[in-house]
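Going by the order they are written in, the chains are A, B, C and D; count residues from 1 in each one.
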């Protein structure tokens, strides 16, 4: 995935399902082309293949299981994700936490099928441990910025730079996304200025009154 | 779902993923039309929408989560399944067991979105408890027939008839599929003669050398 | 377990751990003897054996795993519970939900080791399904009485009697405890008048300012 | 925990439950005193308090939950473990894997209640990630030595020394136990010579014909 980038997680929102999912993905693609920036989308499992096949932008599965293939009813595999035409997978999201051992197995399976991995971590210690497992990206949610009114651009710059420094000490190659406190173009701009490789967000786009405008505003921070 | 029927679970087999999944579904559709019988397919989540949109036969998701919609990364909802054009969902498969409370919530959510439910049960006591929760179908795996060489047509008929009677006592309206010991046309025929409404199977079709022939043989037992 | 009875769940409250757990159990024993009623206690796993060995009243484990014995680090077995001198086990508590299949296995294992089973159910449909699995007791939490200010004695009597009738239809032998809306002697009295076999509660006793008085008040409703 | 040490995990073996558990612990204590070495035992939850109270040797819980206290039926907390008189806790055993986030929370809770932590890891990458989270001990199971006939003393010394070096790079303070390939006094001796701080094992002691002799043989390798 080209960086800096904006990743949009559709979660299981109705506003990000079916035709609505396609509409968000189309807006993302149009804006990515217009501004010449990298925007990726992560629809639910059922919409993933359709969007991956139609769109030129990168698509991510929201999760996968730590099995390669076989008699595993209801499981999502790296092979399925690859066959669907998707480019990567989000792992260990706070709404889908996985066992430490599975994270390692998942990263290995994703690599085997050439899928880009984004592993979520909501504390700096977790991020450092994840860095050791060598994913492509870590999505950091700085505790100070979760669920509050403080955004990246308003926060003390040290919060982000310290986080980046600490994680890079354990793995200088891993790329970092900010996953909390991002609401505007200025937040995106600031996050990148402070050393991260992009941002990941969900409801700020998926539940926006004007999805196109929301994406365009955020994406213009990547330029 | 029209009965008697044959349900094919693709699990996470490579032979049931992507183009191979589509090929199995196409064979199932062709044979269903040719023999005028009911055949349903259950591809993995990522292939489900594509197959549901292309095919006239009924499609089932292999699992779903007990949430309606919202901030649930990596979850599969009844709404997504409905939007994908699928007709139902398999629940509580032995490879994806769920908590008792979730089964009830799932059945309710499936009903809300007009999805047909097949709940798996591998012991007669479990099947009776599931019957109380009022799903459309219960997929029974008679313990005597699991993983062995004895098939429905060779087993003592009492094994099946007793099972059917016991479950129907708790819910006379629930329909029953046999999920073990089914390998040939004769097994399908016998299962239906003994009072069940169809069969569900996986590797016997998905990993067959000649998938078309395997489905045709089994489906001819429905006539 | 003799009925009617009062079951006190210590959960993982600090006020119900260690010496405090012993104190609650001693109060329960004293009051059980004084009023000649049945009171049972369910301490955490670590306090269970100590209390079971010292006390003449019945003790319950708060959960158990669906394995009999073996290489299962961190698991609690029916054999361990029996060896500890406890008399029973609470299963499927809303804070420790288990898979449907496990509930059946657990009930079977508990019976093998002569442990009394109390299976929790917070909806009437769940209670009916559980009744089929034939535990000794079902702890019902009538949805209308959970977390609200309405107690059993203030509620419409039909709420309880209908619940009792519905569950007994599926298993006339199973005994029923009420697990919500019980705060006073009058609630206990009313619950029993309406056809239940006792009550189960936690913070109302464990976090009471005067534990002895709280137990005595509730237990006097059993007389 | 004084090092080098021998940790005995009783798992859920019947031979390590109740009176048999006490007998193993007594043998361990006697041998620890006789040889003046450190031996710790990890009984099941129900036997833990009794053994912790009677014995002078260190005792470990086999698992704990990532909650501090409260309305958590069937949960084991650091507070309970401390109150029971135990000295530490085994975390993330392969038979009780936990989510990455929980491991961090558990280590923090254990530290708060001054419990020694042993976190299990069965691959070197996992061990390195765990090292970042700063537990007291990591129990390593070198993949080459699991379930096979090769023991530590017969293996190429590089297998162990490389493992030790790699993990210490991420956390020079963390102590290391070997958890596979240990059967005799020579294995224990060799493990310590190669830079580890002790060994952890289960069935080799618990299911031994002569438990006393088995412990004495292994413990003599610590001298």
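In this text, contacts are C-beta pairs under 8 Å (C-beta built on N, C-alpha and C of every residue); 3 or more make two chains touch, one makes a residue touch a chain.
Just so it is clear, the structure is predicted and the values come from calculations on it, not from any experiment.
Peer 1: Count of steps on the shortest touching-chain route from chain A to chain C?
Peer 2: 2
Peer 1: What is the chain whose Cα centroid lies farthest from the Cα centroid of chain C?
Peer 2: A
Peer 1: List the centre-to-centre spacing of chain C and chain D in whole Å, with centres computed as mean CA coordinates.
Peer 2: Their C-alpha centroids are separated by 35 Å.
Peer 1: Could you give the separation in Å between the centres of chain B and chain D, each centre being the mean of its C-alpha atoms?
Peer 2: Roughly 45 Å separates the two chain centres.
Peer 1: Could you say which residues in chain A touch two or more other chains, in rising order?
Peer 2: none
Peer 1: Is the way these chains touch best called a line, a ring, a star, complete, or other?
Peer 2: Topology of touching chains reads as a ring, each chain with two neighbours.
Peer 1: Between which chains does touch occur?
Peer 2: After working through each pair, the chains in contact turn out to be A-B, A-D, B-C, C-D.
Peer 1: Give the list of chain C residues in touch with chain B in this complex.
Peer 2: Interface residues on chain C, with respect to chain B: 92, 97-104, 122-123, 125-126, 128-134, 170.
Peer 1: Give the list of chain D residues in touch with chain C in this complex.
Peer 2: It is residues 9, 11-14, 17-19, 44-50, 61-63, 65, 67, 69-77, 79-81, 83-84, 90, 93-96, 202-203 of chain D that touch chain C.
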